[in-house]
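What follows are several structures.
Two complexes, one shared chain (chain A), two partners (chain B, chain C).
After this line comes the complex of A and B, so read on.
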C-alpha cells in the first residue's frame, strides 16, 4: 500500500546551518506518527517542507505516491497547525474557521460550512468565542481556533507542529486524547511533531525520533521505549531519564569503570559496551555494591531517587511507600534482561 | 519636616512653574497671541501699509463667504486633496506591494524611490517646473521624440492644475509607499503561509488579509497627507505662482490677499475660516488615532 506521505533522505539548510541532514520517514493510511525531538531538532522544518512552505535542498517527499516538488502548497491538500497560531487577525473566530472552506477550489454550500464550524467549535470548546475578533483571544484560545481551522477541512494529512504546547495543562490532557480519536474517526493520518515524550507516547501509533536533523529511530512506542537504537534515542524518550554508563565485560559481568558489577553479561558479543537501563528497572536492594541516595523527589504516584552509584548519578523510580531519604545507603541492582547493550563506538 | 508641609509644597509648586513657565511663555507668544490678534484683525479694515483703519464688524467674513474667489479656492483645494492623495494612496500601495518581496538591490531601489520625498517642496516645485516646461522641459522633449503632442503643461488653463497635482503625486507617493511597506512587512509570514495552505485565492488574500491588516496605517497616512495637502503652497508658488486663478489654493489665495493686495483684515478673516476647517479635520484625525489605539488595546 502506498503511504500517504513518504520522505526519503530529506535535507535542508539555512545558510550554513543544517536543519535537516538526512531524514526519512513514512506515514501510512490512518496512522498517527509522532515526530519527537528536542527544540532545534528540525521538526518544524520537516513539516514546512511537507506542507510546501520550504523547498528541500535534497531528498524527496512523496504524497500519495506523487512527487511533492511538483505540487503547490495549496494543491497538497494538507492541513498544518502552526506552533504559534497564525490566525487571520482581522477576522472573527467564525470567519477564521470558515476561511479554508470558502476557498474557490473546495467551496462548500454555506449550510455545510456553518455545520462544520459549529462542530469544530463544540469539540474545541470555543463556541462562546465565535463572534470575537481573532486578535482578542488568549494564547490558548488562539491555538484552539488554529486547530479548529485545520479540522474543519477534510485534508488527506494533518501536520501538527507542537499543536498542544501552548495550551494549559487541563485542555492539553483532554485534547491529547480527543485529537487522535478524532483523526482516527475521520480516518485521516497525522504527523504530530512534539518535544514532549509523554505526549508522543500517548498519541502515536509510531514514533520517529529526530535529533539534529537526523532520524535516530522509528517504531511503535513500545519498541522505541524498550529497545532504543542508541543512547541518544534512549534519552529522548522517557522520564526520569535513562541511565547510561560505559562498561567492560569481566568475569561474565558488565563492570563499570570503578569496578562495580552492573549485571550478568550474556555470552558472546562485544567486550566493551555502553549500557542503558530505565529508572523503573533499578531496584534499591540486593545488589553487590553499595550506593548513597543523594536526592529524593516525590512525583505523585512514585518517588525518584538520585543515587551516586558505579561512578555515575543514577535515577531510580521507587514506589511511593518506600522509605528513603538523602544519605541512605542502598545496594542497587538491575535485572540483566532490562539492560540495553550498545556496542562501544 | 514632612514632605507635604506647606513650605515644601510651595517650593514644589515653584519648581513646577519654573519648569512649565518657559514653555507656556513660548506658547502664548507664538500661538495664543497671534491667534487672538488674528481674530481681532479679522474685524478691521487693516491694510499692510498705512495706519488708516477702522472696525468693520462682520464685513470681512461676509466677503469671504460671498466672494466666488474664496469658494473657488476652497473647491480647488478640496479637489487637489482628493485627487493628489487618492492617486498617492493607490500608486504608493501598488509600489509597496511590488517592493515588499525581497530582491537583489531592493535597498538601492527603495532609496531612489524615496528621493522626491526627501527634497524640500520648493525644490520639488522648481524641478517640476523644469521637467514640465512647455518649451525646453524634459517631458516634452521625450514626448516630441516619440512623435506625441507636447502640451503646455504649466500654461494651458485646463492642464496646469493637473500638473501641480502630478508634481505633488510625484513628491508624496514615496511617503505612501513607505507607510504601506511598514504595514505590509508587519503582517507575519505565517498568516500568508496559512492562507496558502488554506488555498485562498490571491484576490481573497488581498481583500481579506493584506488590505484589512494594512488599512489602519494607510488611514493614518491618508490623514497626514490630507492635512498637508490642504496647506498646499510651495508647489503652486514654484510652478504657476500665487496669482494664477486656475491653480489658486487656499494658502496661495491667502498670500495673494495679504501680500499682493495688502488686505490684512480680509486675510485674517479668511485665515480664521480656514482654521475652523483645519480644526474640524484635526478632530477627525485625533478621533481616528484614538480609534486605532482602542482597537489595538481591545
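After this line comes the complex of A and C, so read on.
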C-alpha cells in the first residue's frame, strides 16, 4: 500500500547550517508516527518541508505516491498545528475555527461549517470561548483553538509540531490520550513531532528518532526502547537516562576499563563494545559493594539513585521501599539479557 | 506644579486655537466687519450703533456665498472642494494600495539589494518638492496633464509613496509570518492570505498611512498653484487665486470656506482615531 507520506533522504540547510542532513521516513494509513528529537534536531524543518512552507535542498517528499514538489502548499491537504500559536488575533475563536473551511481550495457550505466548528469546540471544551477575540485567550486556550483549527478539516495528514508542549500539565495529559484517539477515530494519520520521550512513547504506533538532521532509528516504541540502534538513539528515549559505558570481554564477562565486571557476556560477538542498560534493569544488592550512592531522588512511584560505579555515573531506578541513602555502598547487578551491546567502532 | 501644567496647557490651547476661533468669527461677519480697524469679536443679533463697538452683526451670508462664483474665479467654492475631495481620495487610495503592496514585497521576500532599494525610495523625498516644479511643469505640459485632476492624483501619489512604503514596511514587519503560513496550509493562496489575514492585521498601519497621505494631498499648495491654476483647481489654490481680484479679498467667504475645508480632515482623523490609538495586538503569537 502506498504510504500517505514518504520522505527520502531529505536535506535542508539554512545558509551554512544544515537543518536536515538525510532524513527518511514514511507514514502509513491510520498510523501515528512520533518524530522524537531534541531541540534543534530538525523536526520543525522537516514538518515545514512536508507542509510546503520550505523547499528542501535535496531528497524527495511523496504525498500519496505523488511528488510533493509539484503540489502547492494549499493543495497538499495537510493540517499543521504550529508550536507557536498562530491564531488570527483580530478574528474571534469561531472565525478562527471556520477559517480553514472557508478557503477557496475546499470551501464548505455554511451549515456544515457551523456543524464542524461546534463539534470541534465541544471536543476541545472551548464552546464558551467561541465569540471571544483570539487575542484575549490564554496560552492553553489558544493552543486548543489551534488544534481545533486542524481537526475541523478532514485532511489526509496531520502534522503536530510540539502541539502539546506549551500546554499546562493537566491539559497535556488529557490531550495526550484524546488526540491520538481522535486521529484514530477519524482514520487520519499523524506525524507528531515532540522532544518529550514519554509523549512519543504514549501516542505513537511508530517512533522515528531524529538527531542533528539525521534519522537514527525508527520502529515501534517497544522496539526502539528495547533495542536502540546506537547510544545516541538510546539516550533520546527513556528517563532516567540510559547508562552507557565502554567495556571489553574478559573471562566471559563485560569488564569496564577500571576492571569492574558489569555482566556476563554472551559467547560470540565483538571483544570490545559500548554497553547500554536502562536504569530500571539495574538492581542494587549487598556484597563486595564496588559502587557508592551519590544522590537519591524520590519520584513518586520509585526512587532514582545516582551511583558512582565502574568509572561512570550510573542511574538506577529502585523501588520506593528500598532503603538507600547517599554514601551507602552497593553492588549493582544487571541481567545479561538487558545489556544492549553496540560493537565498538 | 499642577497649576503650572494648566497654565502651559491653556497657553498652548490659546496659541493654537485662537486663529481657528478668529476664523470662525470672521466666517459669520460681513466683509466690512471682517476688515474693520476696530476689532469686532462679539457676535450680536443686530448691528451696533457705535462705530468702535466690539460687537458685530452675525450673518450666515458668507456660507451662502460659497455657492456663488466670485469675481476672478471660474467656479464656486463647492466645485473646488469637489476637486480637492476627488484628488485627495484617489491619491490616498493609490498611495496606500501601491505602498502596501510594495512594502509587503520588501517585508516578505528576499529582494536583492533590499536596503539600497529602500534607501532609493526614501531618497525621492530628499529634494524639496518645489525644486522639481519646472521639470514637472514641462512634463505635464507634454502629457496634457496640466489642469487635470489625474495630474495631481499622480503627482501626490508619487510624492507620498515613499512615506507609505516605509510606514507600511514597519507595520508589516511586525506581523508574524506564521499567520500567512497557517493560511497557506489551510488552503489559501499567497494573495488570499495577504487579503484575508495580513491586511486585517495591518489595519492600524493602513489607517495611519492613509491619514498622513490624505492630509498631505489635501493641504498641498505649491504644485496645485503651479500646475492647476486653471482647470481642476483645488481649494488652497482657489483661495490664493482670489487675491488681487477687482472686488478685493472676500474674507468672510475665505474663513467660511477654510472652516468647511478643515472639517473632513478632522472627521477622518476622528474616525480612524481608534486605530491610531489602539495598541497593536501581536500577543497571539508566542515567539
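One rule holds in what follows: the second predicted complex is superposed on the first by the 341 of 345 C-alpha atoms of A that agree within 3 Å, B and C clash if a C-alpha of one lies under 4 Å from a C-alpha of the other, contacts with A are read in each partner's own complex, and residues count from 1 in each chain.
Just so we're on the same page, a residue touches a chain if its C-beta (ideal position, glycine included) is under 8 Å from a C-beta of that chain, and two chains touch if they have at least 3 such contacts.
This structure is a prediction, so every number in the text was calculated from the model and none was measured.
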Putting chain B and chain C on the same copy of chain A, do they fit or clash? clash
After lining up the shared chain so the two structures overlap, which partner does A:15 touch, if you call chain B first and chain C second: first, second, both or neither? neither
For A:65, select first, second, both or neither according to whether it touches chain B, chain C, the two together, or no partner. neither
Applying the touch criterion given at the start, work out whether A:99 contacts chain B, chain C, both or neither, answering first, second, both or neither. both
Between chain B (first) and chain C (second), which, if any, makes contact with A:84: first, second, both or neither? both
Regarding the shared-chain residue A:134, is it in contact with chain B (first), chain C (second), both, or neither? second
If you stack the two complexes on chain A, which partner ends up touching A:345: first (chain B), second (chain C), both, or neither? neither
Looking at A:73 after the superposition, I want to know if it touches chain B, chain C, both of them or none. Which is it: first, second, both, neither? both
I'd like to check the shared interface: which positions of chain A are touched by both chain B and chain C across the two complexes? 51-53, 73-76, 78-80, 82, 84-91, 99-100, 103-106, 135, 149
Using the touch definition up top, name the residues of chain A that touch chain B in the complex. 51-53, 73-76, 78-80, 82, 84-91, 99-100, 102-106, 133, 135-136, 149
Chain A contacts chain C in the complex at 51-53, 72-76, 78-80, 82, 84-91, 99-100, 103-106, 134-135, 137, 139, 142, 149, 153, 166
Which chain C residues qualify as touching chain A in the complex? 176, 178-179, 181-189, 192, 196-197, 200-201, 203, 281-287
Parts of chain B lying in touch with chain A, wherever the complex brings them together: 188, 190-191, 193-201, 204, 208-209, 212-213, 298
